[in-house]
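Naming follows writing order (A, B, C and D), and every chain is counted from residue 1.
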Amino acid sequence: MFPDSLIAGYKSFLGDRFSRERQRYESLATTGQSPEVLVIGCCDSRVSPEVIFDAGPGELFVVRNVANIVPPYEVGGQFHGTSAALEFAVEALKVKHIVIMGHASCGGIRSFAEKRAPLSSGDFIGKWMSIIAPALDTLEDPGETPSDDYVTRLGLAAVEQSLANLMTFGSVRRRVDAGELQLHGAYFGIASGHLLVRDPKTRRFEAVVSDIGTPPSLLRCD
Amino acid sequence: MFPDSLIAGYKSFLGDRFSRERQRYESLATTGQSPEVLVIGCCDSRVSPEVIFDAGPGELFVVRNVANIVPPYEVGGQFHGTSAALEFAVEALKVKHIVIMGHASCGGIRSFAEKRAPLSSGDFIGKWMSIIAPALDTLEDPGETPSDDYVTRLGLAAVEQSLANLMTFGSVRRRVDAGELQLHGAYFGIASGHLLVRDPKTRRFEAVVSDIGTPPSLLRCD
Amino acid sequence: MFPDSLIAGYKSFLGDRFSRERQRYESLATTGQSPEVLVIGCCDSRVSPEVIFDAGPGELFVVRNVANIVPPYEVGGQFHGTSAALEFAVEALKVKHIVIMGHASCGGIRSFAEKRAPLSSGDFIGKWMSIIAPALDTLEDPGETPSDDYVTRLGLAAVEQSLANLMTFGSVRRRVDAGELQLHGAYFGIASGHLLVRDPKTRRFEAVVSDIGTPPSLLRCD
Amino acid sequence: MFPDSLIAGYKSFLGDRFSRERQRYESLATTGQSPEVLVIGCCDSRVSPEVIFDAGPGELFVVRNVANIVPPYEVGGQFHGTSAALEFAVEALKVKHIVIMGHASCGGIRSFAEKRAPLSSGDFIGKWMSIIAPALDTLEDPGETPSDDYVTRLGLAAVEQSLANLMTFGSVRRRVDAGELQLHGAYFGIASGHLLVRDPKTRRFEAVVSDIGTPPSLLRCD
């Protein structure tokens, strides 16, 4: 049975947002989409990009994978879902912004920091998270038990890694050089609601809005 | 510069949903997530699962890739983002439902049907979409120019393909057999707002709500 | 038989440079090397970094591979000679500069541009050169027969690709961020003797010395 | 800023060697290179093959990796820089000699003998040096702390290993059998300036020139 909660939610959507935005959906179906922003976010159930950015239909092209990771350009590989979505967004849709959006309390980042045992014989999570292995080299040794601070900083370092990996795609580099595409890093603190945005000059993550209470430190934003 | 529209949207989220749901976000940050549903949806900017199912934080674990595809279980591969997310959702979060959610007017499906030229030298989209190649064999030959009907049916056949691919994962099969996990197919018509859900017995996709106007045909739901 | 030319050359080295620099060699053998510069150059017999930079013993740590390529950080691979040398230079020797040094008339670049048939069943050259495939996406389509200009621009784009790939190594990124390491691009025109150096702000390659005759254009430096 | 020392060195090269050898550089740019010798040397800043063999432009095709290693022919691998260079030198340039050139005080050899901890999370050096693991089996057990003698002998055994690995390439074997290609081992003592060359019959390394002072022993040539 299709989940009742989804049926109920869909009916609520029909009666509320869809009836209000119906013309926009109809128009988007006719003209096709032309979003200006690609968000690469996490699968986590608490960090929907459309919710956090209050985005309407047609605004965000959204990739969601575990821990919002971009792998480097890989030659010879087969099924690279994220690279495929990136290629489509950049080459076909010609988005103007790419946002790598990390978040606090990320299970993927934490399990990688804690070097947990594989979940299955395929160890897909272990292989996938290993894309951020080089980010470890930008941080000090966490010792036996990584602190919360360390896990947060690893999350930010992983965003940085994905930004570097983005630049290994020729199509991204060409458009960035031409001033047609901008790359951004962001980080959402689930508990506090803080959104941190990376300053491209200093490479620091700074809070967009501070009057909801100052985050204890930029490194402990949740 | 971080896009103004995202900053504005985030402030709207802070003042509206976040202030209303703040306790829920705080609680979810403390207890961690425990969503019951994994949705595998498309990156398309018009089909946000949280919007269409009016879902709150913590409800949906969401993978989004081009054309909402699940690859078959692959031995020896490296960076399988969707398989990693699937493994995490099934083994760590123990979700009870997986929804493969297709949609009308999917650019990935259409470009595959039309065998378009590669977008870049890497041809990541071409390689990625080739996962649904077996779905072609379930349909008649579309001739030179695939009709809209054909593209819609290919979209539905691709959902069917992904459902079969899900069953190539031992952990999925085991939990389905134990009655702990259900697999679903769904399809959203952007223009009409129709949601079609796959009947597991007949394998037909049927409209959940019909009083918004009957879809011209189940295969032309948009 | 060991080649006579090498024996003769060695004797010349012994009688000339070694006798003049003997103390330096002895001292370097005792203290170990501490070069400040890593050069990643091509195997080509016409572009010895020590000759072009008139460098003495202990000055340049030199990797030479076909077409002076740095692959992106790769997880799970086995025998990555260039990544190993990079790791050693950055982490153990703590070099302060990395120079990617391209050159005109590079056989590797040309064969890649011309999509030549594999040299052997292993096609090691083809696989190796495919690391620069994304650089193709930064240039226009060369048509059937790539022009000399195109091959030159591909050589410069390949240097740019390797600089992007360097930044996927966490240890490189950390030291660049800390101001302890600088990355450079350079290009040597064999016929004219011109050395072009990349301006990190404009990403253009400019001649270091121009009074040996102006290069016809920055893109035709040989 | 591009290193001043390199700019100064380049100007010295322009005024001295390049002005003397300009015709040779111009001619080599026109006709292309046709070196007869491939040298596989170490990245070490103290062992430039062009310096030690006083070689002019066009004479030596030079691969430089950590510890002058040739991996065995590998099926299915991706980015084998040294194999690619070897293939290019043998199949395209048809070199007549390959020289594996080891040297005293090699940091790669020593770190392998001492089983040092990884330099980074990728452990590229560890993986790379493991190519010479079989050479360990040709030597006695070094005990806890490998002696200098042991490290020297491991360096020579590693050259021997690389010579064996060269013969795993069909194209090398074919040309060696046809008398068109010769394989050589050499070893440079940095402090003393001694060059040892391997006698293919006895497999012993013997000094080319002895009147610069007898090396204390063939195994302690530095």
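Just so we're on the same page, contacts are C-beta pairs under 8 Å (C-beta built on N, C-alpha and C of every residue); 3 or more make two chains touch, one makes a residue touch a chain.
What you are looking at is a predicted structure, and each value in this text was computed from that prediction instead of being measured.
**Student:** For subunit B superposed on subunit C via Cα atoms, how large is the rotation, as a multiple of 5°?
**Tutor:** 110
**Student:** Would you kindly tell me how far, in whole Å, the mean C-alpha position of subunit C lies from that of subunit B?
**Tutor:** Their C-alpha centroids are separated by 45 Å.
**Student:** Between subunit B and subunit D, what is the gap in Å from one C-alpha centre to the other?
**Tutor:** Inter-chain centre distance comes to 54 Å.
**Student:** Measuring from the mean C-alpha position of subunit A to the mean C-alpha position of subunit C, what distance in angstrom results?
**Tutor:** Here subunit A and subunit C have centroids separated by 35 Å.
**Student:** Could you put a whole-Å number on the gap between the CA centroids of subunit C and subunit D?
**Tutor:** Here subunit C and subunit D have centroids separated by 17 Å.
**Student:** What positions in subunit A touch 2 or more of the other chains?
**Tutor:** In subunit A, the residues touching two or more other chains are 73-76, 127, 131, 133-134, 136-137, 169-171.
**Student:** Taking the touch definition from the header, please name the shape of the chain graph: line, ring, star, complete or other.
**Tutor:** Basically it's none of the tidy shapes, so other.
**Student:** Which of the chains touch, listed as pairs?
**Tutor:** The complete list of chain pairs in contact reads A-B, A-C, A-D, B-C, C-D.
**Student:** In the complex formed with subunit D, which residues of subunit A make contact?
**Tutor:** 75-76, 133-134, 136-137
**Student:** So in the complex, which bits of subunit D are touching subunit C?
**Tutor:** Touching subunit C: residues 1-3, 5-7, 9-14, 16-18, 22, 25-26, 28-30, 32-33, 35-37, 43-46, 48, 50-55, 57-66, 69, 71, 73-75, 77-89, 91-92, 96-97, 99, 104-105, 107-108, 111, 119-122, 124-125, 127-129, 131, 169-171, 182, 184, 186, 189-191, 193, 195, 197, 208-209, 212, 222 of subunit D.
**Student:** For subunit C, which residues count as touching subunit A in their complex?
**Tutor:** 72-76, 127, 130-131, 133-138, 157, 160-161, 164-165, 167-171, 173-174, 177, 203
**Student:** Contact residues on subunit D for subunit A in the complex?
**Tutor:** It is residues 78, 120-122 of subunit D that touch subunit A.
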